[in-house]
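As written, the chain order gives the labels A, B and C, with residue 1 at the start of each chain.
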Amino acid sequence: MSPLAKLLEAALFASSRPVPMDELRTLDADATGEDVERELAALRAHYDDPEAGHAFELVEQGGGWQLLTRAEYTEAIERAQLAQRPQRLSAASLETLAIIAYRQPIGRAEIEEIRGVSVGGVLKALLERGLIDITGRSEGLGRPLLYGTTPSFLEQFALRHLEELPRADELAVALRANPTAL
Amino acid sequence: MTAALSPAAEAAPSTFVVELPEFSGPLDLLLTLIRDERLDVYDIPIARVAEQFLARISHLALDEAADYLEMAARLLRIKAQLLLPRSGDEEGWEDPRAELVRRLLEYQQVREVVEHLDRLGEERRERFVRGATTWAPALPAGVPPLALSLTELLSAVDRVLRVAREPTVHDVVARALDVAGAITTVRGVLALRQRTRWTDVVGSDAEPWQILSVLLALLEMAKLGELRLLQPKPFAVVEIARESPGEAA
Amino acid sequence: MSPLAKLLEAALFASSRPVPMDELRTLDADATGEDVERELAALRAHYDDPEAGHAFELVEQGGGWQLLTRAEYTEAIERAQLAQRPQRLSAASLETLAIIAYRQPIGRAEIEEIRGVSVGGVLKALLERGLIDITGRSEGLGRPLLYGTTPSFLEQFALRHLEELPRADELAVALRANPTAL
């Protein structure tokens, strides 16, 4: 492993969140962006090696790079109570989150119009979990608060950026092609 | 939304009971109905769907079911509009179901995204992040330092004060519907009079939550057979008549 | 690396504290204490290898085993964090911070009353940022936590003490004087 690879590994290992490329690049003033990318690829290959490989892997998500344990160890770790998975989100939370992800910044009334139910409690829970944040106020009547997703949302759903979500028109096409399948 | 099934519903196991957590809202229930009955979303038989929708929500605790009842009222309104004679001018006629179809399709898109997100989230949940950090860093790793200025802080104070000094803005408090209270009111009026009118049970200064509460109360009481709702002609004031006239004093 | 070594690596990676020997043993019912000790030694040797070694090491401390970044990388990582492009606080965070600054010590319910929305997520972010801290508990019902600004807050705004906040008296009164209008 090269000295730069080790330095990158140290930074990734020290962080429990995705480390942005900007930050990885400033670790070594002499290294170019290309160097960093090459060494990240080398690290990834090293961790994935079937022989000398590791129980964690390097993934790009949530606006940066992150080390995560492999899924095959999750059950044993949870059984031994060494770490706990976050709770699964309810359908109501996921629907609200999906609407915010696509329509942000969006106000509460608009979300309720789409879902057909009131969403006060769900919004509060999503705020507390750090998946959404208040991003401003609308200019409309009463200046309602507007919500948007956070970097932590990307991280929790293993997305590199919002554009990785299926495009709305892709969904619409799928819908029109087979209307009776609803 | 949590389900609070009424004791009455539990006592009648033979009837179909909707467990609310099963559905994330009225649109979800509606889509499920359409799917179960293999209906064409672009040509919904409203009368049939409205009937099934009402049947499925008939055992919900009322105050929890406000969102569902609002949809029920919407379905019944569409049904009524479809029954109105068309004014010969086919060109200008707009299908009263169009708005509902648009909402259902939009909601179906949301459900597609939800499936996608759920799958991603589950895969991600299978993996742990690094638990411990080597030392206690001044900042959480990956979080850049802040750019803050006193000017920004002061304008934040100004924003807070501006909003705080507009009571009209802050008086917008989400209010739970009081359907039970409205039922009591309507029963009170009908105890005195055989017939009454919408405008007698809803004051002219009623707030939206009060209007909606009375609407839901009337629908519920009509369903229970306590009263009949009559509208002599479109847009006329709704008349409310006590059912079982034999008992009338 | 043996399957048991990988399982141990995953567990040590995911745990947020040193893991005692007897907990490590519960990870694999078929493994004896000797097996676990042998594999821990193998992991340590693997991480310390001058050629194929890693930027982290396996240490026994605090009553258990723990993976830690090697000390030699600490400085570079801290420097990289500091070199990050400064970030701005969201409008919601600034408003909450302003209320806390001028009315501290203040509880969450009071802040929510003034802002008209739940502030759980925002408070958490400000706490993580080290701009505010829990300064005590109120005497009120349920003894809610009280928040105040930190020395780091003063540093951010280049203030020597809170009395240097502009218009402190006036704004503290303004924020207090109007509770019924909220």
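Here, a contact is a pair of C-beta atoms (placed from the backbone, for glycine too) under 8 Å apart; a residue touches a chain by one contact, two chains touch by 3 or more.
Note that the coordinates shown come from a computational prediction; the quantities given were computed from them, not determined experimentally.
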| item | value |
| --- | --- |
| Identity of the chain that, by mean CA position, is farthest from subunit C | B |
| Chain nearest the overall Cα centroid | A |
| Between subunit C and subunit B, distance of the C-alpha-averaged centres to the nearest whole Å | 40 |
| Distance between chain centroids, defined by C-alpha means - subunit A, subunit B (Å) | 31 |
| Whole-Å gap separating subunit A and subunit C, where each centre is the average of the chain's CA atoms | 19 |
| Shared interface positions of subunit A, touching two or more other chains | 11, 13-14, 20, 23, 67, 69-70, 77, 82-83 |
| Per-residue multi-chain contacts in subunit B, two or more chains | 128-131, 133-134, 137, 140-144, 163 |
| Contacting residues of subunit B [partner subunit A, same complex] | 1, 24-28, 31, 34-35, 38, 40-42, 67, 70-71, 103-114, 116-118, 120-131, 133-134, 137, 140-144, 163, 169, 172, 174 |
| Contact set on subunit C toward subunit B in their complex | 10, 13-17, 66-69, 71, 74, 77-78, 81-82, 84-89, 91, 94-95, 97-99, 101-102, 114-116, 128-131, 156-157, 165-167, 171, 174-175, 178, 181-182 |
| Of all residues in subunit B, those that touch subunit C in their complex | 128-135, 137-150, 152-154, 156-157, 159-161, 163-165, 167, 170 |
| Subunit A residues touching subunit C - in the complex, by the definition given at the top | 1, 6-7, 9-11, 13-14, 20, 22-24, 26-28, 52-56, 67, 69-70, 73, 76-77, 79-83, 123-124, 127-130, 132-137, 145 |
